[in-house]
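Got some structures for you, see below.
Consider the two complexes below, in which subunit A is the common component and subunit B and subunit C are the respective partners.
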Partner chain A sequence: MASLYQRFGGGLATIFIALVFLWLAGMVLAPNVMMIDYALRPNLPPAQIGGPNDVYSLDNILYLANEAVHRSIFFKTIWASAFVAFITFVVCYPLAFWLAQRATPGQTAIAILALTIPFWINEVLRTLAWYIILAFRGPLNAVLLNMGIIEAPVRWYGNIGVLAGMVYAYILFMLFPIYNSIESLDKSQIEAARDLGASTWRIHWRVVMPHAKAGIATGCVFTFMLAAGSYVAPALLGAPGSRWFTEVIYNWFFEGGDWNRGAAYALVLLVLCLVVVLATLKIARVSLTDVAK
Partner chain B sequence: MSHSVELQAVGMSFGATRAVGDVNFTVNGGEFFSILGPSGCGKTTILRMIAGFLQPTEGRILIGGKDMQGLGPNQRPTAMIFQSLALFPLMPVWENIAFGLEARGASKAERRKKADELLKLIALEGYGDRMPGELSGGQRQRVAIARALAVEPQVLLLDEPLSALDLKLRQHMRAELRALQKRTGVTFIYITHDQSEALAMSDRIAVMSAGVLQQVGTPRELYDNPATPFVATFVGENNAIAGKVTTIADGIAAVETPLGSLRGRANGGIKAGDKVKLYVRPEALVSGGAGENVLTSTVDRIDFEGAFGLAYGRLQDGSQLIASIPSTDLANAPATGSQASFGFATQHAVVLPDG
Partner chain C sequence: MSAADRIARWVFRFYMVAFFVYLFMPLVVMSAATFNTSRFPTVTPWQGTTLQWFSELWADAAMWQAVWTSVVVAFFVVIVSLPIGTAAALMLTSLHARARGLLYALMVSPLLTPGVVIGISTLVLWRQLNVGGGTFLIVVAQSSFIICYVMLMVAARLQRFDRTQEEAALGLGASKFMVFRRILLPYLKPSLIAAAFLAVLQSVENYNTTLFVRGFDTPLTVFIATKVRTGLTPAVNALALILITITVLGAVTYEILRRRNAAAAREAE
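Coming up: the complex of A and B.
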């Protein structure tokens, strides 16, 4: 903060700091405090708000604990998000390695451009593209039928559709952290491992992945958080059997009209995501500041 | 006896660029062999071809008499020590050393035992559980050597591994490398651009320039009998005097120069009438003018180097002259600014084709 004052002088620096605090207070702190406040209060008709029944309790959260369907959707969302992060990693790691260590600068430029162009379009529209591709009478089924790989059209919507949509949507959040961390690996490390007789698998397991650990953890954390909080992909590409917890929250707000219960559900999701993220970082021995970089 | 390495008409082109062409030499088993040349001369390319990171576009490489064509670095009886050492920073020292054994499926106990043996060999007993980052430059150097030796290679390839060390440590490591090579009997192929390093350590040296092999020989042969002008100027200091051959008799060439007629040993297939250069080492010049040949020069300055002083002067034709004067004789050295004569024996001068 002192360096900020040194660089910009008293007036300007004060304005910057005030703006940052305003942002944090208005956009981060206030909504979360409101969410906690809502989550802990009962859903009452307007006349009773502030009345004798308007007391703090854990009822909304306990409701989730006792509601079997919502509970199972909640846990499914958590492990499915972890699975999305894992599949995204499996897809991204070879690509990131190729980009960082093998590709020529020209190839890297073209590949990164090709990967970035879809992100110029809104996430809803990108997911809609998958909605069309995966349709029952859509292009994917047509191609597979023509090639003789399947004999009857497949209903892709559901778990597979949601997985495909999410992996596609979050690929860059996984790719770039891993790419950055692999790029800083000295090529001679890989050559030395190979010279000592290591197989390709061992080179990656013992040399490349340990070096890229921070990037891999960062990518997985990003992807997990985005997947757990995703709404568009499950709403468009899901089926009744693949309901996502965010859809349940949405329903409390906009169909059930019970904002308090919705807020309680959202709070539980937020807390669990935080726990998973911090645990992952702890296991990978990566600090939050590394992730922010 | 460990394996020999034989290069037969080896060449390497990267697209249209020919990095190395028509290189022939044989490294004997158990020899300390250096490849010496300025940066960009193709010496690293040769090393990488022997290691298997590059496949030569021409010729063959034989290790222990076996053609290495198409074999990757993990299939050859070689181990490389990289310029950056390329130790694995996230593995403790002992796992670094045992990495090659791990790749060969050795059990943990076996790996630990071998690592401890090698740590003893490099005088780093008890350092096995440290991380490479906690070691000094010289210690990391030794760990890299131990890691390469752990796979029991027939040929050890070293890519300027001492270049990152300071002078004192470098001199120490030279002696240590040399001793280690004699003790293990492994064939060493050592890449360097430092001619004093190559002269001090090697059994034999190959000198490279611009992708072409200039000469292969013992340090003394290269120093006393350079085959090409490049070797004459790159290996050690040399004074060069241009002229024309008048006669050659008994391997001695008489050269007509602007400084008078000078005589030296004829080398490199010269004949009467050729444009040549006569090379004479600074230490072959004797101040005071005694000798079969005499040069007259100014003395611009004398740099005191400890064991000797280096006198820098200008010959009558304007070219520079460097003469080495032993410290014990410095009291009798010509005064700076004066004219002095320097003599040399015909046997101490070499005449080579010019250009």
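Coming up: the complex of A and C.
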């Protein structure tokens, strides 16, 4: 702090500190503290707030643990998000490797520009595009019927729709971290492995992937988090059988009218994401500083 | 070249084609559906080519209201997040290593928080103060994480800043405020412009956070998502096509500017 005052003088430094304090205390910490407070209190009519019934308890969180439907949606969201991250990784890895190691600088520049275009377009529109493609009387069914691959139109909305839309939405969050980390791999290491007789699989498994560990971990963590916290893809591309945890949270707030329980559910989602993120980063030995790049 | 290599090459080519088809097909289909007369947006069957959906979009007052809400929100998000993000970056670079780690973790934590949680936590905090959802809360909630992006972009440029310039200016008798205004701010200007641009994009495209704090206001993303439920017509595709065109032009301009800056920076070194 002293160096901040020394560098900018009293007036400016005070303004800077006040602004940052406003942000971190007022917009980051206080909302989360209040959410925890909400999550731990019962949902009471206004007259009883502050009364003898207004005590802290874990009831709202236990409710989630005991309610079979919500619990299964919660676990399904976890594994489905992990699955989304895995599929996104499989889709992105070969391209990331090609861009980082094989492509000419010109090819890389064009490919990256091409990749960023869908990324600049917002998630709702990207999801809307899939909504149109996957419609029951939509283009995908029409093409597949014409080619004779399917005999009757398929209902794509549901798990498949959500998967397609999410993988699509998060490609770049996976691709760029992996690309960046593979780029720093010295080509001669791959050549050395090949000269020593390693197969392509083995080269990737033992040389490229360990080197790109940080990037892979970052990409997977971000994709998982975005998928678990996504609302628009399951809402548009889902079916009643593919409900997402965020939809349950939304319903507590705007249909069930129980904000305390909604806050508790949101808290569980937050803790889950933080645990997954921090644990993965710890296992892959990636620091937070590298993630934000 | 062995047969295995040849097969591998073909598999890779197939993968590349599939990848880029996967990437662009949705955008192509969505854009093309704008020009189909079919009431439900699709490209199969093609019922006839028309521009009617553009005029229908033009006449949609609710859509213009949504555009206006998004513009207002984006404007205030930039106003809020640029100064705070810059202050945060300056504070971070002025701190010692140990204190920096903790502050940094706190500052990037909104990036690791699911968007819905940011919306919910903001909503419950402000309800205690009797402020309900609406444009104001959308700005607050979006800014809380968009500031992170601003902070990271400004901090990245600050790392390359040569402090001797400040010392030279001080030595020549400039006040500390003058040094900040005349040396540091102009140096940071490219990253501030880029950050403002990114902030606008992030703000306009946000849905997960906005959904919870919007109250009765309807920004563009919420408007589009609601349309899907209540009656999707190709007018929404027309809107999407316009947005795609704007973003593609914006992305290309941004890329050109970025490269020009990078080239200028290389020459300066």
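The criterion applied here is as follows: the second predicted complex is superposed on the first by the 278 of 293 C-alpha atoms of A that agree within 3 Å, B and C clash if a C-alpha of one lies under 4 Å from a C-alpha of the other, contacts with A are read in each partner's own complex, and residues count from 1 in each chain.
Note that in this section a residue touches a chain if its C-beta (ideal position, glycine included) is under 8 Å from a C-beta of that chain, and two chains touch if they have at least 3 such contacts.
Every value quoted in this text rests on a predicted model; they were computed, and no experiment measured them.
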First, second, both or neither for A:139, with subunit B first and subunit C second: second
First (subunit B), second (subunit C), both or neither touched by A:42: neither
Touched partner set for A:194, first subunit B, second subunit C, both or neither: first
Contacts of A:211 with subunit B and subunit C, given as first, second, both or neither: first
Subunit C versus subunit B, contacts on subunit A by residue: C
Touched partner set for A:7, first subunit B, second subunit C, both or neither: second
First, second, both or neither for A:153, with subunit B first and subunit C second: neither
Which of subunit B and subunit C A:202 touches, first, second, both or neither: first
Touched partner set for A:15, first subunit B, second subunit C, both or neither: second
Subunit B-facing residues of subunit A, complex: 186, 188-189, 191-199, 202, 206-207, 210-211
Interface residues, subunit C side, partner subunit A - complex: 8, 12, 15-16, 19-20, 22-27, 29-30, 33, 40-45, 83-84, 87-88, 90-91, 94-95, 104-118, 120-125, 127-128, 140, 143-144, 147-148, 152, 166, 175-177, 180, 201, 204-208, 211-212, 221, 224-225, 228, 232, 236-237, 240, 243-244, 247-248, 250-252, 255
For the subunit A and subunit C complex, residues of the former touching the latter: 1, 3-4, 7-9, 11-12, 15-17, 19-20, 22-24, 27-32, 34-35, 38, 91, 94-95, 98, 113-118, 120-126, 128-133, 135, 137-139, 142-143, 168, 171, 200, 225-226, 228-232, 235-236, 246, 249-250, 253, 259, 262-263, 266-267, 269-270, 273-274, 277, 288-289, 291-292
Subunit B residues touching subunit A - in the complex, by the definition given at the top: 51-53, 72-74, 78-80, 82-84, 86, 88, 90-91, 99-100, 102-104, 147-148, 151
